[in-house]
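So that you can tell them apart, the chains are marked A, B, C and D in the order they are listed, and the count of residues begins at 1 in each.
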Amino acid sequence: MEFNYFLSLLVFSPLLGILLLAFMPKTNESGIKMLGVLATLPSLVLALLAYFSYRGGSDLANFSEKFRWIQFGGQGAEQSGMFTVNYELGIDGFGLVMVVLTAVIATLAAIASFHIKKEWKGYYMLFLLLEIGMLGVFTAQNLILFFLFFEITLIPMFFLIGKWGYYEKEKAAYSFLIYNGLGSAVLLIVIMVLFSRTGTSNIDMLRVILNTENAPMFAPISESLKMGLLVALLVAFGVKLPIFPLHSWMLRVHVEAPPSIVMIHSGILLKIGAFGLIRFGMGIFPEQFADLAVLLAVLGVINLLYGAFLAFIQTDFKMVLAYSSISHMGIVLIGLGALNEAGIQGAIFQVVSHGLISALLFFLVGVLYERTHTTTLANLGGMAKGMPLASGFLLAGAMASLGLPGMSGFVSEFMAFLGLFEEMPVLAAVGALGIIMTAVYLLRAVLAITYGKAEREFVGVSDIRSFEWAPVLVLIGLIVLIGVYPAVLSEPLQATLETILMGIGG
Amino acid sequence: MSSVPVSAYLALALILFCIGLYGALTKKNTVIVLISIELMLNAVNINLVTFSKYGANPSITGQVFALFSIAVAAAEVAVGLAILISLYRNRRSVNIDEVNQLKN
Amino acid sequence: MDLETLLSFDWGTMTPEFIILGFIAILSVADLFMPKHVDRKILGWVGFAGVVLALASLVSLIGTDTTSILYDTFRLDSFAIAFKLILLLGAALVMLLAIDYKHNDGLEDNKGEFFYLFLSAVLGTMFMASSGDLITLFVGLELLSIPSYILAGMRKRNMKSNESAMKYVLNGGISSAITLFGMSYVFGIAGTTNLKGIATVFGGLTDPQHIYILGLAFFMIFVGLSFKLASAPFHMWAPDVYEGAPTPVTAFLGAVSKTAGFVIILRILLSIFGYVPVAQEDGQPIPLLFAMQDYIAFLAGATMIIGNVIALRQRNIKRLFAYSSIAHAGYILVALTAMSFITFDAIWFYLLAYVLMNLGAFAIIQVITMKNGSEDISHFAGLYRRSPLLAVGMGIFILSLAGIPGTAGFIGKLNIFMGALMVDQAHYVLVSIMIATTVVSYFYYFGIMTQMFFRPASSEEKIQLPMGTLVVILVTAVGTILFGIMPNLAIDFLHTNFNQFMDFMR
Amino acid sequence: MENAWLIPLFPLVSFLFLLLFGKRLKEASAFVGILATLASLVYSILVLLERLESPTHKAEAVWLTIGNLELTAGFEVNQLNALMLVIVSLVSFLVHTYSKGYMHGDERFPVFYAYLGLFTFAMLGLVISPNLLQTYIFWELVGVGSFLLIGFYFYKESAKAAAKKAFIMTRIGDVGLLIGMILLFWQTGSFEYDEIFAAVEEGAISGTMITLTAILIFIGAVGKSGQFPLHTWLPDAMEGPTPVSALIHAATMVAAGVYLVASLFPLFNASETAMLTVAIIGAFTAIFAASIGLVQNDIKRVLAYSTVSQLGYMMLALGSAGYVAGVFHLMTHAFFKALLFLAAGSVIHAVHTQDIEKMGGLWKKLTFTGPLFLIGTLAISGVPLFSGFFSKDEILIAAWAHGNYGLFWLAVIAAFFTAFYMFRLFFMVFTGEARSEMKNVHESPSVMTLPMLVLAVLAVVAGYVNTPWFGAFLGDWLVEGNEALGHGHIAGPGWIMIVATAVSLLGILLAWMMYSKNSISRDWLSSRAPIAYGVVKNKYYIDEIYNQSVVFATKAISLFLRFIELFVVEGLVKLTTATVQALGKTGAKIQNGQVQTYGTIAFVGLAVLMVIYALTGGYL
């Protein structure tokens, strides 16, 4: 079957919500919130539709669409097919998975945003804009379009953090902006070098051009330049991921941004880094990537341990989770560094799984903060008395995050290490320490909150209620589903995996 | 007449230009500064006229150009003086170094 | 010359200039004979009509094959038309601003002069755009400068205004002297002031002495003209003059006059120094202009750094924009440095975008400053509350100035990057500086955002907009977004009608 | 047998069901759990009976595709698995029943049963796993079950700490297991037991690799089975409700380590070093834990240390190629240790204290529990004709036959200790006078005593399935069709049995003299060797050592990293911003409002350019 404009519809459907919201009276809180959530549904439906029709055997190529967008350099260039930038969307298995993840988490985050206290209108408009950006990033087929969407995520985040965040929100917003600004600046350089020297920005064409001998280019690209570009890419996406030592912005965001936004941020935005590394790093520069594999693995182990050890001494639960994100992104790097089927698939799994898990955890943080107005470990304790369900879910989330079998975290962690052990056993063994540390810091934090003597003022608090059920159940459900039946995730990925590995020649 | 080499004229112009520049950048009195700018422009005129006579390939246009530049210079200085006057009205001084209200 | 020859010229090519000239005459006379009490606003509208008329006639001239009259002193080639479009567009917008500009300290009683002085300045820019001879170039330049001096001092009884005018005139004098001095050497070696003639002479130039002198002349002319661009090293007047001058004038200086500066610099550099052959080691001669690339690059880098870095410390919004305009001049110089085959497109498009976003921003600045009588940045606090339209508009312009995708500013930068990176020795350093400084600029651009959106408003009273300003804001905002999302509208227009400026020297 | 996979599912169903409806069911949820486990028990028995004549059954399906690797999941019913199924489901069923009485009145009653269900599911899943990966998965899940149940009284700081400790300590071991199995995978290309064994057979793996992987996997076993040096969590785990201790920390989960080593026996057997390691660790743990057990005063802790020590025995057996002996002891131990714990539970239930110093003279009051406890004590002490006697005997023979004479004697001493401290416990609890006044001490309800009765019977008779006299039925069956596991019965010198009997009786006698007849004063030894006594009393300060070394090191590293975070990572950022700011500041200074400065700057700029131009002789 044919899917004309399917992806455009999927990506831009939140726009409708934005327009409707624009005509919504500022004060109509419930109406705005309802609309905000509803506006995220179309993309969700379409995403799921795409997923199932793909599992139903329809070809993803049917989804792609392409129009002439910008032609630089005039007719002359156009005739020689140079410097044309098309508006082209499309998805492969990986993209599909990410799109589904995005749509799901976006909807849940929109629900979670019911906790927002002020100016819902502006909030939801920015929120939906953010969703457009994220969906676009995963479907863009050429670098410039990708960059466009990439930056579109930047601006709403700046406002969402800076306006609806906690005490130091503006500082957080700024460091978010500047770090990511730098990251995308570097990314832009890479993109522009590629574009203006090869004359195309289409990812597939770039893959072909850069990996065939004396392919037609506008200006030559030397091997060393390729390596330089890849390193630049690593930096650019390293900021997003984040890779030590480019991570400090992300801590502030995790702590200062409203939980519903952190769900999005930690759930998807961080993953754009991994997506980019795999899609562009591996996709466009396979040979150079192979040369960097060891570096990546080492960085991964550093991330893993660094994050874990620092999470162990944090006094604020949000900080613990922030560092745990760093630590878990280390596993992605490990997987990529392994550079074999298991590793890469593990990395991708980790991307998805951490997306779900951190979304869950941060939603629960939001719930907790609603009641207790603190996330400091010292002030909390014995919450299992007042809110047994929430505590239970929190514990479940922690278990998933520390890689308990039967939950998504384990599958990804396992595969990543499986991969790395084949290539660099010793390094992997060192990294395995991280598995222990993860358990240590997560239990320390979660037990400090849920177990122990119940603080008096927290005994009476209400447990998970009404709308709060939706995100919790959906996320837990998905986490367990992937953990028990990983095929839901692994099947769509196989095709992508093969192309990547073919490029690497592994 | 042709005993004087071209380089002399050029040197003269250059010197004049530098004097003008020096004046423009150092003198405190705005009027003098404006006059110094005149000097610089006149240096240009000397160049032009010289070239139109002894240039690599001489032509009359140089003198035309000189005329234009004289006219323009006149206008420019006129405007400068006008502005100076309104400035003087407000602050009773023509010292350029006292005009530093606008700065970081 | 007798009447026949005079009549033999195709005066039609000068229609736009004649229209402007005519309106200058009308306005001046009208202003003279109008009774004192009549509001001079009407003159402004007349002037605006004039500019629009000129614009229309110019559009009607598009497509006429290149003609040059008055013995090649005035040429109407695609280059001239293309840039005149921008100039007149800018002029029209500024006119609207000027109409709504209310200020005491001496402007009110000679507002009439304002308009025709302004028009004569515009006339100057137009002559610069289409002059084929050093003399006309120079005269055009001064025709722009001298009225600008007066305009800057328009607020007679305001010291700042006087001061800015004074500084402007002194620096202007020095700069034109330097320029002229350089030109005199050019003439000396060429023996003619006609650009085409100079080109032919220089084409056959062999004597290294002469070439060496031309090199010096190049520096003088370039530095002299950099006054008009407000680029290093002749940039320092800009902040003071911008601050002191009436806001519409500032807008004019920042947008139109700068554009004119680039027009003239392109004319001179390309048509004169583009033809001077410089022997290389390999005996293959290259144009002097290319030999000078590194110097221009150096100046461009310096300009970008200075502009963006010093802007960080500004509290006065007009000074801030002065520095930002310096920075933007630097960006455009990057395109000039590259001298790739899309340099023209890049500069043209960037100037178009720049005029739009800058004038839009100044429109809003004018409203705010007029409201508060002060130009401190803190008056933007809570603008979002007081007038969402203004806040959003300003947001758009700032994003565009900061070069965020989805705005014209981004596409403009894209063009420049391409140009700088596609040439054989790509200017990686320069591009890196450009991008790095762009990120630095986020600090102050988003500082305004912070004020507008995050900070509480000092007063809750709403701001109502005068007609003209509203129009300006809408036009510029729409343009900025439109050319950001569909840049092809502009780029294709450029290519279909002007065909790469092939006739630049013909 | 084709549907053996159903067995774990019953408890899982009960778990989920109770999660959803537990709140409404209240104490009725007990029946859900009991029924589920009963179903599993019945089915397991059927499977076992079926297995007695039909061969191993194995079924698998692809679980995870990784490129062209395919990881499978499924189940396998071999002799060991079948046996374990029965043991686990039986004990679990009994504990479920028992808990109905023991946990009566606890507000989180349903939760307790839910957790029990979860654990039982995991444990049953563990014992039918056909491959290492699946084993690992359930291995972790049982860990969670144990974690949850230890921390069941979450409001007690001690319980919280114990739960955390248990999870982390075992996790340390698990990582060893994980690494080991992954290495094994890359060696053999599979997680399947049989394929691994095949690879080991044809020597596809280098000897060192075998040793390495085997030892890594053994680390996992050490963690779970509370072997030295990862044993410290097990005694603390007694914070959990007593039935839990019986089920998890006596009968089933802690035996999982033994089970793992047993099911990988061919791998271990292929490496002398590995075997020796296992044996040494086992023997050492046996004596080590027993010695601590001598001086504990908490009834449950005594039992805990005895568990550790008994598990050591099993490891020793396996390490000495005594596959049958190990498994056999695993079975008997499951019965009598569960019995002892349940009995202890009923004692605690009666007197509401765990301190044996406060007890005494309960024999008359607990007319039912007392004798059952005695049976258990006799069994564990290896008194002839009780199950423990036979299995322990097997182990000693195995150790001797395998030539680990030193270890053999260690084991003998451990046996003596065991007998001593167990009877010390018995005498202090049941005989003599009550050392603190205890109100309304009453015998537990039948729902608690009946399960004990069942276990007591088994504790007596279970030994006879594998005796030197009536033939080693169990042994032969266990090893049939797989000579890699060694012989069903290892013949050993007859005097071993005598020695074993002697030491156990000796121990009992000594205990009787010290604690019942008081003919030897209790602090006879402690007064003579106070330091040694103190050391033992404080469990050899292992916990303290860990706190000072590992925990401290971790904290130190973390702090060091924080230092880096603050001063290097953040510092660099601050530095850059500061430089930019400074640049701006200087730039702004030059902007001093003097128009002539501006002109000068411009001129200087021009001059500079020209000078460079002149110096470079023209064109760069």
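Convention: a residue touches a chain if its C-beta (ideal position, glycine included) is under 8 Å from a C-beta of that chain, and two chains touch if they have at least 3 such contacts.
Predicted model only: the values in this text are computed from it and were never measured.
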Number of hops, chain B to chain C, where each hop joins two touching chains
1
Leading the contact tally is the pair B-C
Name the chain whose C-alpha centroid is most distant from the C-alpha centroid of chain C.
D
Chain C and chain D have mean C-alpha positions lying a whole-number Å distance apart equal to 79
The distance between the C-alpha centres of chain A and chain B, rounded to whole Å, is 65
Centroid from C-alpha atoms only, then distance chain A to chain C, rounded to Å. What do you get?
43
Would you mind pulling out the distance in Å between where the CA atoms of chain B average out and where those of chain D do?
97
At which residue positions does chain D touch at least two other chains?
588, 591, 593, 595-596, 599, 603
Residues of chain A engaged with two or more neighbouring chains:
none
Contacts with 2+ other chains: residues of chain B
21, 24, 33, 96, 99-104
Touching pairs of chains in this structure are A-C, A-D, B-C, B-D, C-D
Please name which positions on chain B make contact with chain C in the complex.
13, 17, 20-21, 24, 30, 33-34, 37, 40-41, 43-44, 47-48, 50-52, 55-59, 61-62, 64-65, 68-69, 72, 75-77, 79-80, 82-84, 86-87, 89-91, 96, 99-104
Chain B touches which residues of chain D in the complex?
588-589, 591-596, 599-600, 603
Hey, which residues of chain A end up touching chain D in the complex?
244-245, 247-248, 306, 309-310, 312-313, 341-342, 345, 382, 384-385, 399, 404-406, 410-411, 414-415, 417-418, 421-422, 425, 428-429, 432-433, 435-437, 439-440, 443-444, 447, 450-454, 486-487, 490-491, 494, 497-498, 501
Which of the residues in chain B come into contact with chain D in the complex?
21, 24-26, 33, 96-97, 99-104
For the complex, give me every residue of chain C touching chain D.
166-167, 170-171, 174-175, 178, 212, 215-216, 219-220, 223, 226-227, 232-234, 236-237, 239-240, 278, 288, 291-292, 294-295, 299, 305-306, 309-313, 440
